[in-house]
Amino acid sequence: MRAFIIGRFQPFHLGHLKMVEDLAKIHDYIIIGIGSAQESHTLENPFTAGERHLMISNTLENRKIYNYYLVPIEDIHRNAVWVAHIEAISPPFHKVYAGNPLTKRLFEERGYKVETPQLYERKKYSGREVRRRMIAGENWEELVPEEVANVIKEIDGVQRIREIAKSDEEIEYEEKSSE
Amino acid sequence: MRAFIIGRFQPFHLGHLKMVEDLAKIHDYIIIGIGSAQESHTLENPFTAGERHLMISNTLENRKIYNYYLVPIEDIHRNAVWVAHIEAISPPFHKVYAGNPLTKRLFEERGYKVETPQLYERKKYSGREVRRRMIAGENWEELVPEEVANVIKEIDGVQRIREIAKSDEEIEYEEKSSE
Amino acid sequence: MRAFIIGRFQPFHLGHLKMVEDLAKIHDYIIIGIGSAQESHTLENPFTAGERHLMISNTLENRKIYNYYLVPIEDIHRNAVWVAHIEAISPPFHKVYAGNPLTKRLFEERGYKVETPQLYERKKYSGREVRRRMIAGENWEELVPEEVANVIKEIDGVQRIREIAKSDEEIEYEEKSSE
Amino acid sequence: MRAFIIGRFQPFHLGHLKMVEDLAKIHDYIIIGIGSAQESHTLENPFTAGERHLMISNTLENRKIYNYYLVPIEDIHRNAVWVAHIEAISPPFHKVYAGNPLTKRLFEERGYKVETPQLYERKKYSGREVRRRMIAGENWEELVPEEVANVIKEIDGVQRIREIAKSDEEIEYEEKSSE
Amino acid sequence: MRAFIIGRFQPFHLGHLKMVEDLAKIHDYIIIGIGSAQESHTLENPFTAGERHLMISNTLENRKIYNYYLVPIEDIHRNAVWVAHIEAISPPFHKVYAGNPLTKRLFEERGYKVETPQLYERKKYSGREVRRRMIAGENWEELVPEEVANVIKEIDGVQRIREIAKSDEEIEYEEKSSE
Amino acid sequence: MRAFIIGRFQPFHLGHLKMVEDLAKIHDYIIIGIGSAQESHTLENPFTAGERHLMISNTLENRKIYNYYLVPIEDIHRNAVWVAHIEAISPPFHKVYAGNPLTKRLFEERGYKVETPQLYERKKYSGREVRRRMIAGENWEELVPEEVANVIKEIDGVQRIREIAKSDEEIEYEEKSSE
């Protein structure tokens, strides 16, 4: 039986890892959906789907976890068909783990049984906190698996998020709507 | 002659009903556009176009109002062609009722005569207030026609909007960009 | 109980009318989906969704048929989520009438019971034949309800389809990909 | 007064040039729409909008023609709003030159006066013939302005169209739907 | 080093398997792109991306091949940015295997080194032939790995493609543009 | 050599003009990208791409600046492919001027050399200030070239932005999501 879980994983941190390790023990296979897959280079979503794919698989492989599928899930901006969209792009699954209330609701309306995943030390490990520390120049590496830190360094990820975060109050450049 | 009016109707309330009743008396036909038709399951737009379609037609039919067309209008995110988009998807019309200044302006730039509709007791009846009461557990049914309340109960609408509204500050789930 | 049927209705002809009349007798409500709603001005789809909406409602109203909903359904080019898309944009339904094998299959995979509608004198009445006669200057009016013929004349529909059909072999204009 | 003309210009050939020269003499400004701007790397549309932009402006500038605007026009696959889309993305215009019957019809339905442009020696000069000769290894340069030939050489255009045209009957690679 | 290969895999057959086995031996990792991922339920593309994902991973896992990534790649209908789109959604790669000339050309224009993969007994093993046999009721199972046949049976795949292929010449149903 | 610069130019003001004049002196050609080209009729983006095209070209032509290309660039909401999108729709270029950090980063990641353009008296001249003055009824004409003021008057631009800005707190019209 396959269980489905989705996250943006910006980036994949130790809280995510613990959760995945636990689920991988109790299910035959877990399907990890990489959400908002079309987004990148924003403060909320600095890394591309491909970069996140690499972070997660490198981490899991090094811990000899093999019973997973990774599927990038793009937002399609039609909530009412989002679950059907996931069903089309992902191997079939029968159980869903979702903490976000909207996600939970959308799956329940489609008849899925949804459970809230246990997040490990959720105040300590969160994507928001990792990104904040990257921008602030604080120690972010301790919040993520070593493999993830390596990928981030390889793609110059810290510099990227700092430049995106840069806002020059004095000079107004209106080139691109921030999105 | 057909007159056109558009609203999101989240949900269709007694203020909307009064307005539609008045317009249906003075025009041969009114075309009711259900705006933002592709949106659902958000705080601003909890109900699908289909659910809103049902709310409105059940309400009007029970009051023996038949001279209307219902047309779901999706946002296409190109304001400059939005009116042309409506013209394509709706039966032709010659008069427009619009209160929202942007809507008014877009139709006027295309040469339509636009009138501001009278909203009935607008402080009392508004979609925002109905949704607020649903979330807060207050009496929302008194603000909408009975038929609308029935549809909302049939689709478990109150529970839906409450779950969407739920935000768990402690636990950060970054599964899906809220949209 | 509501039954759902979809067609492109280019244009709505007497075969369609007979089918709708029969279904409207045996169901509380029928939902008529206007398919490929985003298409117009092509040989296969000369009329806009709005024009088709008008054709169908004028015809049914004059025959005192009121128990129907009209819903324009745009193609979203993702077959696997097409039914979910319809469910979002249409009032809920429990039965489906579909003759096209793909449509039938997509609904069956979603758990709907699908029946093949009876088409009336299908060799005589077909959208293809009506359009062919329009282009050829033959008697097309006898294949459609009078109300439909009136709408088509009102929108200069015959001239439109003739001009679209015009292809000037000698002169090559490569302005727009035909679509 | 500005006149509008649209073509795919795959590539811009001597027939196009003669037509543009004539129109540029009788109008204050001409707006040249580069149609199907989102397409490239196909047999029908081998060159990107940017490459075509360069071909046309290099050619006109060298002939000291300055009274033109170049605007890439993407297909939006909604014929009924295509003209409104053009009106949004192009400087305003009052006259249209169109040979393609569909283009002509769409502009006329929107109230524009449309004239058929004179194509110069249209049997000799056509995009189809230029592309055919490129693939066949025949003399294509004589059909286009020198500036266009230079751009095509600069972008390795002949090799590109040949490779796109290559089809290997023996080996079936199903990697990408041809489009 | 990672190598990239893309195919539609409708379905994944023994020719594909041989090719993947060979590449998996000589590269650290291979990235298998599932092309036209948004398509399903057509004669050319009967299976969803999720179903194809399952076919491929079940097959490779049973043969103890683990050094691969599976990435669904949607068509975005802008050839000029297709490679950049793949780069965003896939882990980074440095080598590309492509047989389709268009795919080859698009990657080469972006600076990649592209090699033509060896297809195993290509006349015998092809997606087209497998689908033909499914429709015709011939022995298709012998052309695919057992795991793929199991997935296809699990999803009622043969019945699906037969129904899609059904065309009823006598009855004309114009419900949905075939796409 | 061609240099590329992008802005939303809502509207094109004297700061923009000074910058373009300087760049046009030191480069053979400059390509001016009109960003967010699909947006119009909003507070941030009141003018269509076509209107902005006209503002800019009228201004430059009157100052006898001819060595520029104007290209409307639509947002495609996929940052990772945005630069590739621009490369497809614009004539090729080798240098980029960008002040917005995100724009800068996206081009640098693609290997371009990016310089920050000098903005002239940036506190005085900004799109935001021009729009604010238009809404407030203050002297906005002194911030823009005369040609721009003429175009804005021609399209009734001040009235447009005032109406868009109008919000009627008392009456709640929920017709269209503001976007």
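Here the chain labels run A, B, C, D, E and F in written order, and each chain numbers its own residues starting at 1.
Convention: contacts are C-beta pairs under 8 Å (C-beta built on N, C-alpha and C of every residue); 3 or more make two chains touch, one makes a residue touch a chain.
Only a predicted model underlies this, so the values are computations on that prediction, with no experimental measurement involved.
K.L.:
Quick check on the contact network: minimum steps from chain B to chain D?
P.N.:
Shortest path length, in steps: 1.
K.L.:
Can you list every chain in contact with both chain C and chain E?
P.N.:
Both chain C and chain E are touched by A, D, going by the contact rule given at the top.
K.L.:
Counting residue numbers used by both copies over all numbers at the interface, does the chain B-chain F contact come out same (over half shared) or different (under half)?
P.N.:
Different, since under half the interface numbering is common to both chains.
K.L.:
Identify the chain pair with more contacting C-beta pairs: A-E or A-F.
P.N.:
Output for the comparison: A-F.
K.L.:
Which whole number of Å gives the spacing of the CA centres of chain D and chain F?
P.N.:
Chain centroid spacing, chain D to chain F, equals 26 Å.
K.L.:
Just curious, how far off is chain F from chain E if you go by their C-alpha centres, in Å?
P.N.:
A distance of 43 Å separates the two centres.
K.L.:
For chain C versus chain D, what separation do you get between their C-alpha means, in angstrom?
P.N.:
It comes to 34 Å between the two C-alpha centres.
K.L.:
Which residue numbers or ranges of chain C touch two or more of the other chains?
P.N.:
Within chain C, residues 39-40, 48, 78, 80, 87-88 contact more than one other chain.
K.L.:
Going by the touch rule set out above, what shape does the chain contact graph take here: line, ring, star, complete or other?
P.N.:
Basically it's none of the tidy shapes, so other.
K.L.:
Who touches whom among the chains?
P.N.:
Touching chain pairs, listed by label, come out as A-B, A-C, A-E, A-F, B-C, B-D, B-F, C-D, C-E, D-E, D-F, E-F.
K.L.:
Considering the complex alone, what residue numbers of chain A touch chain E?
P.N.:
Spelled out, the residues of chain A in touch with chain E are 37, 40, 48-51, 53-54, 57, 61, 66, 69-72, 74, 87-92.
K.L.:
With touch defined as at the start, can you tell me which chain B residues reach chain F in the complex?
P.N.:
Spelled out, the residues of chain B in touch with chain F are 6-10, 35-36, 39, 44-45, 75, 77-80, 98-106, 109, 119, 122-123, 126-128.
K.L.:
Quick check on the complex: what are the chain D residues that touch chain B?
P.N.:
Interface residues on chain D, with respect to chain B: 78, 80-81, 83-85, 87-88.
K.L.:
Looking at the complex, which residues from chain E come into contact with chain C?
P.N.:
Residues 38-42, 48, 160, 163-168, 170-179 of chain E touch chain C in their complex.
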